[in-house]
Amino acid sequence: MRVGVPAEIKPGEHRVGLTPTAVREYVDRGHEVLVESGAGLGAGYNDEAFIRAGARIAPDADAVFQGSQLIIKVKEPQKVEWERLKPDHILFTYLHLAPDPAQTEGLLASGAAAIAYETVTDARGGLPLLAPMSEVAGRIAVFSAAETLLKHNGGMGLLLCGVPGVPPARVAVLGGGVVGMNAARMAMGLNAEVVVLERSIPRMRELDDIFMGRVLTRYSTLDAVEEEILKADVVIGAVLTAGAAAP
Amino acid sequence: MRVGVPAEIKPGEHRVGLTPTAVREYVDRGHEVLVESGAGLGAGYNDEAFIRAGARIAPDADAVFQGSQLIIKVKEPQKVEWERLKPDHILFTYLHLAPDPAQTEGLLASGAAAIAYETVTDARGGLPLLAPMSEVAGRIAVFSAAETLLKHNGGMGLLLCGVPGVPPARVAVLGGGVVGMNAARMAMGLNAEVVVLERSIPRMRELDDIFMGRVLTRYSTLDAVEEEILKADVVIGAVLTAGAAAP
Amino acid sequence: MRVGVPAEIKPGEHRVGLTPTAVREYVDRGHEVLVESGAGLGAGYNDEAFIRAGARIAPDADAVFQGSQLIIKVKEPQKVEWERLKPDHILFTYLHLAPDPAQTEGLLASGAAAIAYETVTDARGGLPLLAPMSEVAGRIAVFSAAETLLKHNGGMGLLLCGVPGVPPARVAVLGGGVVGMNAARMAMGLNAEVVVLERSIPRMRELDDIFMGRVLTRYSTLDAVEEEILKADVVIGAVLTAGAAAP
Amino acid sequence: MRVGVPAEIKPGEHRVGLTPTAVREYVDRGHEVLVESGAGLGAGYNDEAFIRAGARIAPDADAVFQGSQLIIKVKEPQKVEWERLKPDHILFTYLHLAPDPAQTEGLLASGAAAIAYETVTDARGGLPLLAPMSEVAGRIAVFSAAETLLKHNGGMGLLLCGVPGVPPARVAVLGGGVVGMNAARMAMGLNAEVVVLERSIPRMRELDDIFMGRVLTRYSTLDAVEEEILKADVVIGAVLTAGAAAP
Amino acid sequence: MRVGVPAEIKPGEHRVGLTPTAVREYVDRGHEVLVESGAGLGAGYNDEAFIRAGARIAPDADAVFQGSQLIIKVKEPQKVEWERLKPDHILFTYLHLAPDPAQTEGLLASGAAAIAYETVTDARGGLPLLAPMSEVAGRIAVFSAAETLLKHNGGMGLLLCGVPGVPPARVAVLGGGVVGMNAARMAMGLNAEVVVLERSIPRMRELDDIFMGRVLTRYSTLDAVEEEILKADVVIGAVLTAGAAAP
Amino acid sequence: MRVGVPAEIKPGEHRVGLTPTAVREYVDRGHEVLVESGAGLGAGYNDEAFIRAGARIAPDADAVFQGSQLIIKVKEPQKVEWERLKPDHILFTYLHLAPDPAQTEGLLASGAAAIAYETVTDARGGLPLLAPMSEVAGRIAVFSAAETLLKHNGGMGLLLCGVPGVPPARVAVLGGGVVGMNAARMAMGLNAEVVVLERSIPRMRELDDIFMGRVLTRYSTLDAVEEEILKADVVIGAVLTAGAAAP
């Protein structure tokens, strides 16, 4: 298959659809990969790195779209991108169509097949392409909270991890899914007192086995949420609202 | 040396000054050991076990005292015992003289050398013969507390260890010495939330290294003690009041 | 739906079908909850607590049964209770019908739909309403055993947790299901040497991953059971005999 | 003793010499405490909190200095402060005299006794009043590094903690003293690969016992430092340069 | 059923199809077991042990085959063995037919039902009779590697476990299945730096939960494999090539 | 100072007195280092590596001895070596004089100052140059035992680490010093059941804190040693007999 990787053009996006390492995997399996010149610069890869991995370099996005069947991106296509799509294109990227009717109509009009990373489900009903984003989010949440609590960052001057003689912060995590579990784990790693509020008892049992009681689990009732939020120094929201995920 | 082991006669005392295993160590180093017949029964050792270990059996306490230089006991001597002591006896046992002037005067009058286990100090100022009792006390405190909290034992119907979805009890340990550390460790092992209040910061640092943050440490001020006792479901007193230890 | 919570009347039962926290969840979802006056006292909740949670208080059990569609209890209905049931009632409680033909016939005669907590199964064949009772049972078993082993409780004078220099008790757990795993975990937490005997190798693999080898697992043959019971200081039975569970 | 707590006046300093909790300890032991009005506001304590703890409030710094024997501060005195000191004052605060001859001369001229927190040593040669600052510094270093590595903070776009399938950052800690050990512990808690370079083998043995091999230790030679810095994504300097500590 | 256990005859094989413990399980369930005299000697069991377990002893292999319906062995049958099989025999053993057409034809010609341990699958698609062999293999690989690295065994003179001040070896495990996970766990237990390369992200998530970040996981691309092999001191192959397993 | 490193000549010795990394440390502090050509080959360092580190290369041992004040070696000097020593030489190496009167007299006759690594003591009475050897010995003991227990190595066919369903070996470690603690730690890491026999209760307390009960400690009496050796599958001797250490 001919695979194309255009540069990301949404402001603030530094990632690229395929790294050179990923390109090499495609090429090794017999596919051709076409990368827009400079597409990897934001992520630290120059064209030479893609060439060494077996890709060819295209001078611009038009050349990538015209020369490829499968377009691999990170962010949802912008107007100039969906206008380049043809009926024989397959687009593979995050889409987040719910709040974006213009994009939805643009994609429909293009006739291309568009597959959203965030909706791919596996055999057990999991979201394999969303989960890594959830892991990242849950983990960052904790050390960013620790940083934010410091006085010089405008926080209340609290040390999330405590020191001997000074207890740590109490962190309440709302939801024990992928985000919540990863947040709980990092908060535990930074020595915080951690409580996870969750509605699934089997899931709490799993968390209890993994954390061996080092993280408290509490059945999430209205009473429990109110009490724990009042006791907590840090509250991390980790509930999946269907359709709203924005990695 | 001739070592004598009389049966303990204080009500409720089941222990014996030397077990057969300990007797064997003495005999192996060339000492003679004389054990009162039946002295080990409360601890599960019959005379035969002492004989196999190399002891001789004396028919009664009088014979033990008359045939020995070093008398090894568990509890402080009762009146009938201190009256058997002569000036060439060495008595080695718990004494707890402070609240017991009659015993004190009896020992002085006997002329014997009496060494109290609870006052033996080592090179670092520790109490090596008291510490094991403190370990035992700190450990038992926790599971006895867990048992006591149950409804059918007259408790408040709380499960110290919690279960997934139901947080465990909060255990406040006053003092981070040998008793406190052992209590904290068992409470942690039963999954409780544990806080140790302590006045020595270096000691809290040691506890923090040992427990890797799994047990909270808090500098013990009046404010801290008041707050933690109010938050706790179980309070374990683990402060050494000099002279008052009663193993 | 109209939900009714009568006071428990079986001797020795202190629990109540719904706590105020649970009542609030029902009310929040649009149900009406009717609680018998005083039903929560044994568990520490007065009528006022139920009212704050959104319940109404009924003066007696008759009023609860007459005013409700779904009756939520803890223990199996007593004669006076099943006689109050009508064909349009749903009864939700532990039933344990197997050894209790009188109750079985009473329920059949009432025409009510009776759902036993202990027989509710989930998608994986688990027993979600029995499992928490098993967790509680497995955990209590350990510290009650520790307490029972003490001399002053009539035990053999053994310290389950040991101390440095004195090895702990050896605990054999027959069965590695929910009860057994929870017992093993608490026994491990109290420092005991623990072996779990189990017939499912995949389950032993799970236990080995969770406990990282800190708990021994042994395939449960006749030979293994005989050997381990002889070596053990404490034996905890944790085998589910179908139909016999009595939380 | 009459103890005085003036407000801190060095820019950016939000702390206060004594918290209300500490005031209460002094008062409980029979001392009088005089706090400058508003001294605790930066740390979240109003005058009322100090009064409840037993302090009296002084209207300004002059009143505090005139009414006290022991002055307790956080930061080194500013010119206006050392000019208030008299020969019968004791000043207890961080001084950092080495780079600050003006302050040194001012203190000498005042005739007061000035004790620098950072130079107080304990019986083992440790620095008990500096160590907590070192603990704080070592712990903050890690989560601030994690935050700094993120792309949106101008970092290289690296997740210190990794996620499954993506290894974490490698953190090299130069020095295994209080700062280094605390940094290593937090980095380990955030899942990083951590190596501590240290010149004392007994200290590395202690770290190895505490971290059970989870943190690598490496004897700090020129070769080792060069190699590890090149392999590391994060380098944390944790070497005490005598006299240079600036908490 | 009549169960027969012939002695293993393949050179170097010391095991036996059933141990006395296993025999007892069969007999307890009402089966008859016939064991060839001397079959257990290589594994440390004499005939008497089998008799105590309830087996009868047959003088030779012919008698075992003639007197049994189900033949239980360890290794694939040798020519003399498959020639003893009749159409009403069931043979249960490792077969490894792929590279062994002579055996395959011999078994087909015999008319017996032959079930290979290595192909039995469970409800989840696992290989329950192969997995224990994989566990053994993965675990042994690590300490045999440690032994092999020593100078006096012809290795490079590297201590897999390191000591304080000298980092341990880096162990790369190719594949995170049963073999790989067991190898990683033992390598971790010996203090090594461990990285597991694996293609399944959900599996790496499981490993990350089990090892709590103590073992690195890395998505297995060509780049990753090349880099990790170059960095590693020990490489453990743990990839299942379908049909090639040879326990 | 002029430092000389001759090649080791005792059969079977592959080490070298200084590695290039160590040479660089000497040179950086202003010393001159003279290395015999080829001295590092057994340990994997060629002359070029020493030159890069700042050493000069001497053609033979005579040149090294003649050009140096401090001779740094690994093994005790052989006859040809001690004959090269002059009164102004300092020799720094392992000596093990006790069983070796010829060497002792040779060294005395040479007039050189000879310092044995194995007798250097630190401020606490420890043996800092012997301890790393003890760590190495204690760690190797465990995986070499694991390897030795395998059938194909002539062992009893026991898997030290066990697998789920098959308990691991029981390892008794005689002595809880540096060797014993390191052996216990590795045996624990390989999942064995481990008991350490030790005579110092404070030391057992330290081990108990470090291993958190994962390793059993038992006071070492004659009874205890006999019982534990009979129960053990592996016995590791880790008692320091003064003067007998042979690294």
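By letter and in written order, the chains are A, B, C, D, E and F; residue numbering begins at 1 in each of them.
What we mean here is this: contacts are C-beta pairs under 8 Å (C-beta built on N, C-alpha and C of every residue); 3 or more make two chains touch, one makes a residue touch a chain.
Here the structure is a predicted model, which is why all the values come from computation and not from measurement.
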**Fill in**
When each step joins two chains that touch, the fewest steps from chain B to chain F total 1
**Request:** Just grab the chain with the largest centre-to-centre distance to chain B, centres being mean Cα coordinates.
**Result:** A
**Message:** Taking each chain's centre as the mean of its C-alpha atoms, which one ends up farthest from the centre of chain E?
**Reply:** D
**Request:** Report same or different for the chain A and chain E interface, where same means the shared residue numbers exceed half of all residue numbers found there.
**Result:** different
**Request:** Can you check how far apart chain B and chain E are, centre to centre, with Cα atoms defining each centre and the answer in Å?
**Result:** 51
**Complete:** In whole angstrom, the CA-centroid distance of chain C from chain E equals 40
**Asked** Which whole number of Å gives the spacing of the CA centres of chain E and chain F?
**Response** 37
**Prompt:** Out of chain F, which residues touch more than one other chain, so two or more?
**Reply:** 132, 135, 161, 163-165, 189, 191, 201, 205, 210, 213
**Prompt:** What is the shape of the graph in which nodes denote protein chains and edges denote touching chain pairs (line, ring, star, complete, other)?
**Reply:** other
**Message:** So which chains actually touch one another? I want all the pairs, not just one.
**Reply:** A-B, A-C, A-D, A-E, B-C, B-D, B-F, C-E, C-F, D-E, D-F, E-F
**Request:** Note which residues of chain B are touching chain F in the complex, please.
**Result:** 20-22, 24-25, 28, 122, 126, 128, 131-132, 135, 185, 189, 210
**Item:** In the complex with chain D, residue positions of chain E that touch it
**Value:** 161-162, 164-168, 191, 193, 195, 198, 201, 204-205, 207-208, 213-214, 216-219
**Prompt:** Which part of chain D faces chain F closely enough to touch in the complex?
**Reply:** 201-202, 205, 209-210, 212-213, 221-224
**Request:** Over in the complex, which chain B residues touch chain C? Could you list them?
**Result:** 12, 14, 43-44, 132, 135-136, 139-140, 143-144, 146-147, 150-152, 156-157, 159-161, 163-165, 182, 186, 188-191
